[in-house]
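The structure under discussion is supplied below as structure tokens; questions concerning it will follow.
Going in written order, the chains are labelled A, B, C, D, E, F, G and H, and every chain counts its residues from 1.
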């Protein structure tokens, strides 16, 4: 409820076009309806081409199917992240239109191709980081962004990264995915003046502490322009990258 | 050096317009000169109105003064972060033109007021988070952005936060500063579809673990659209927020 | 043994009504029998309608069966928590009267329905938190409390939580179950003046550190009125909530 | 704003007693005023005899004074926690009526003695835990509860604790304060069927890890009925204990 | 080589009974042979009835069999700890005389019953701690000590522990095994003036952190007289308890 | 109160030699006095020459003085650990007979020299470990044990340690004090078959983590026979060593 | 590309022996080729007999096969570390010439025996450390170094280590592999003046924290001359040891 | 004692030139004297030009002076690390010949300039890392190595690092000093085939965790050829670098 609709309602009461009882009923949910949360959610979907993503971990395949069935009524490109084989099988068995990306553990329900706007570059430091990077790239594409992938460009082979610096400089936002020592985002931020969203991955062993080493390195980047999301959170990075890219592209 | 200028140089050699010796000299620095690092840095300064920020911790006041003296030759609004009283005294004694913000521990050398573009909202959860929030706000302003401050709006007084949701929804990017349980950025991202850069602060005690509790909460936000910087890193958040805001405002 | 009964015994000795030998015998176990531990346990069972709960982890199914068999002689609604399929199968094979709640990993042996007193609200932030929340709700019901469940009301969809604030304000105590960033208990405590027992869950990944992130957030709640139990400890929260609710309802 | 006052306002508009403009002005803040947050706060103050507590850490003495000055207009027994000497001096210099408890680092502004209801027992394991225990006891008293103190009763001298078990069993809620190995709350919960709010303290050295050892012990209590607050958080424990005690005593 | 045998060798050289060449050969290994390490090991075996224990984790069943085969030539009651089913099967298949205690994951090769000296009490806080406690008790028995077991005596049922205080006071050393909050060793040390070797177990969940919570509690015992071994290290506790008990019993 | 004195008291009442009132007064503390806690404490003091030690941290100098004044009425060699200059000054100002060991931060109140029994060897790895080692040695001496000190024998100079192996082998128990990598106790346990109580110290920097590195090393000793106390806890190690040594020497 | 070959290319263009087009093609990769990264890699391969090692974790068997197929075109003794059975089966099925060391999880593709230069000693503390030590030894051999193995020489049996001190003193570099308390490298560095590269292993349990205890011990070595690599990183230690050994042997 | 001197002693006994008694006396210390620890130390000093370094932390100034006075009798360039102002003042007051480097907290007692052999490059990522880097460089010089310094070359300004790659490639060993995200050593190892000894520094704040973030990054380097020493341990890195450099230069 906007100030305008509230004012209009009040005028209607004053004019006797609406009774106090009816107004009471409409205003009863005001505390949160007027907060516009659901409305905001709706707007987001219309604008960005997707509903809230479904995080599959901890949900049964049947729960995921039920949620997706409800969401694809109103939305296309509905995302289900961390979808394992059992979830994918259930979605397929339920006959839902969908695309299944097992490497990225991602299901796009009621998929619909769309021209991407702007440019998001998704850079992966190593081959083992590809599943997370691919989740980010696929999510960004499903949300309507142009995406370029740069792979196998960790700091042990810096020249491979430097070879892509023009592409990186052209991006509105860079999603930088790295495990182990997690240095790549810092290096990118050191030579490209674009916002870098760093995604630490759990790639590594021993003192990688399942990605904490990479996370800490990224948070301590000596180059400004780096912010960080949770370990292996390709979806989250892509979501924020899409917010930024579409603001720049004047979509939202 | 772009491919075009390289091709042109090669043509010049082939045509005898440039000797191999001269070409050798120009190509000698290619490995890094052509990387354009310094040039990029220069461009960043011209565009964004500021040089690299000086992180004062671990530097002597004399070192800070010397660096600032060199930087203000070419730049205005040169930032010195984590500047304590001793640094401020040294800068003043050296006669450098500057503004000193003790609460934010920030010095702006050769300060120059500028109209800010776009909109960055800096939200602080509590009074004790203000020094970090103020660092972020002052840095963002020095970098040429329009900044609005929202204070004392932590989740214990949610209504104060909700009162500002229109301002928050209008921002190109939100810097959300919170200590203790660090929940505010999640809540903001839950009702505003704008990128949120979360800054955990070391405000708290005991299990706040000097800000780690807030950091972890922010990294685990159940609302997408949140990325995180280091604890108390108001500068870093403002830098990235400025990158984003100015891309949207078509400054860079 | 109260001071009064002790004084009475001493008088009896002085008066020759009790011999020193008999007094010696009665006083020998005083150090602990008079502490009344077993008696207290018995009183607790009579009052609260349940025996000590059996924590199944680390016990063999046979051990669990044996303990339950002994407890249901004197008690109804005997709880076995963290009961997996093997335990449930053994309990069934042994022919014990029981109800088995696999989602909540809970067995109620010799179950007996009872009208609940007072009101405990069990709120779950997300679908994945439901097993722990359900453990809490079922335990609270088995202990004789009226329980209302509020689900899927995490801070990413704050309006869903706010919609229940009247119910929350009516509760004698609220059990708030959340994983990931664990912000929901703080938000509830921010707008309802009732004791909140927060249960962090291991829902999440990466920096959720198996629930430590949620735990830390809850311990650092900026809103007073929140206390915390162990990660995934739905039983423990329900036990204390029951103590409180029944004190208010004047049951104990 | 209650449903009744909202209904009354709507009736006034319908009846022409209030213009739409005036109603608009009053309803402008509705989204959060109607959430009743401020109102709840007000009710809490009226009922419990105190306003929101002021957490002094990270605030300047001047800020604390200003906040207290505003709060004591409407409230008595306004609490300022973690108040150090500088804060106390500033409060005294400002001429505010107050009581200063340096051991507990607590200021009670506009103090007003009151008869306490119900019973909260505050138990401290050792002499070094007394400052935190005293903060809890003083806060609980300021909030209008009857408080009994039990001191120096850690598990190394178990008999001292057992000597108080009748008092403990009589309490509506027990605040158990302990550092080092933090075992006392578990022991209390093992022989008294009352809710125990455990407060770990930073008393100890080495592997006490500034109170983390005690915190972990308390969270892992093998006796049910224990919940935990932040390290050294005597205020928080007292606040929740007061909520519980007053519910039992039918104050709120 | 003892000082006596060295002196004797030197005399033999001086007397010409041994050539310098032969002496050289015998003394070549002196730097470490004379350190007496192997000899000490041998003495230990003769005195205590057992050889070095074999830690099976990380060894193949074949390796364990080979080591045991060699050790039982000279020793009885050779211990193999952390022996899983595969190791036990291999030892059985190899035809080695042995006793297999699957709960304690312990194999005693070439077992030989012996009267135990002195008294070691092994106390376990809960049923789930029994495997570790049983490892300790069996090891202590195999090493020739009299052992008494006290079980299910955690602090949640303190009276069960207190019931055994005379037995505890009689022990030369107490091995106290506990998981979860790990409080039992402190409580024992609080009322019995005997050395307590505490064994934290990995029993628990969530913030038990696989036994770290119990370990920290034990290290921070407010009662003196407690020392601690590694988590789940029943063998190590029994070994040191045996050293102490046999010194008291004048065996070594 | 022993069973004998209790019986005797009861007989006295029966015989009229003691009135019920007087008995009541004496038995008022029975619930715990009969637990024998105080008795144990008393016995310990008589045997070992010292009362409970006073841990000064977190106590005011005045509190320490008051406790010591009371304790020295009945005891000699009363220990006050972690005593800083302020405590020592207060004790001196109060005119208490005492010895002050500033390096070890130890006060021995009403000191009385005594011949030590048995043998405890206190070994320190480095010069910086000496304060903790000295605390252990002085405490052990005050408790009536013969103590030998071995210093500067860390594993970087292994020969210095090996030079003392005969002394080490002669000890009833060894207190091994080491910081940094904490390897010395393992090495000692590898060549001497005596119980080793390891004391990690906070000596070191960076990854020593204030002694956690040494602690972990000691807990993971590959040589059996090592148990561990809290970081810098020379007192605790000495206390347990004294228990063991005096059992061997048949003092207790 | 060296300065010489660049100069020569430029001369060729100037002389018309190479067209600008051809030069362009060769120089297109210059920005990074001229950084010499690939060249360095090539030189390393020629000198050391091996290409970049393939880290198999996180790669599919098919990916590993594809990478190895490409690498063995130009290289011998190509290493694939952390190769499990599935990878080994895929490599075998693909018909690649290779040696498979399952214990060390190492594949050497296109293996070629070579005389080793210099001397690297690989010392393992215990039997369970052998897989990591063997990885180090095999890698060092494949890289062309002479390797001697010293096994089962942990500090619990110090004499076994001391027996090898002449061999250790002869080495150009020592790789010291140990789990549990991780003391062996410190001890070696204490009596041999050679660089020691310490490899912590995840051998242990409980507080070994999967190798962190050993890692911390090694980083805190009181003996200088120790540096450390990641937990279980036998490959990394061997790689650096090979760099050092071959510099001494004047190979690189 | 070398094999030769032992053989000679045995011959002397056989020949009657030495009595068995005298030989006994000389051999009594053999177990460790023959280990040659002290001799090795002596050899190290003669070869490398320096005695054992004195670690000043935890030692009193007087202790440091006493140790230095003894060491400079036989040695030049005796190092005292972590020397603060008080230590330096005491050394000066004692009249010892010395050089005092306050930035590096290093004293070189009885300093003697020497030509350095080989080449060690000490690279520092930032200005704040200079004290640690300078400690490394000065130590390496005092130990007789040629040292080149490369400063302010962190990954945020990668071109500054790349500008020095020829110098880096020329080094026998590189000491790479970095705080914050600690990426520089990985980057160096990625383009230079020389052993890199990485020194994490405590430079940073928040999640740098006093250098742990940099340490973890270095341990997880995706480029092989990096080993790591303790945080801020410039001395340790220089010591090992010197060992390596002098082996290459054939000094030891």
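Keep in mind that, in the parts below, contacts are C-beta pairs under 8 Å (C-beta built on N, C-alpha and C of every residue); 3 or more make two chains touch, one makes a residue touch a chain.
Because the structure is a prediction, the values reported are computed rather than measured.
Following the contact convention of this document, A, B, E, F is the list of chains adjacent to both chain C and chain H. Note on interfaces A-D and F-G: more C-beta pairs are in contact across F-G. Chain B and chain C have Cα centroids lying 49 Å from one another.
Centroids built from CA atoms put chain F at 25 Å from chain E. Distance between chain C and chain E, defined via averaged C-alpha coordinates, is recorded as 39 Å. Among all residues of chain G, those that touch two or more other chains are 31, 35-37, 126, 157-158, 162, 190-191, 206-208, 212, 215, 219-221, 230. Contact annotation for chain pairs lists A-B, A-C, A-D, A-G, A-H, B-C, B-D, B-G, B-H, C-D, C-E, C-F, D-E, D-F, E-F, E-G, E-H, F-G, F-H, G-H, with touch applied as defined.
On chain C, the positions that touch chain B within their shared complex are 125-126, 154-158, 180-183, 186-187, 189-191, 204, 206-209, 212-214, 216-223. Those residues of chain C lying in contact with chain A across their complex are 126-129, 157-159, 162-163, 203, 205-208. Contacts from chain D toward chain C in the complex involve residues 35-37, 40, 43-44, 53, 162, 165-166, 169, 172-173, 190-197, 215, 219-221, 224-230, 235-237, 239-240, 243-244, 247-248, 252. Contacts from chain A toward chain C in the complex involve residues 29, 31-33, 35, 37-38, 41, 55, 57-59, 63, 82, 200, 202, 210-212, 215, 230-233. Touching chain E in their complex are the following residues of chain H: 3, 6-7, 10-11, 13-14, 16, 19-20, 23-24, 27-28, 30-31, 34-35.
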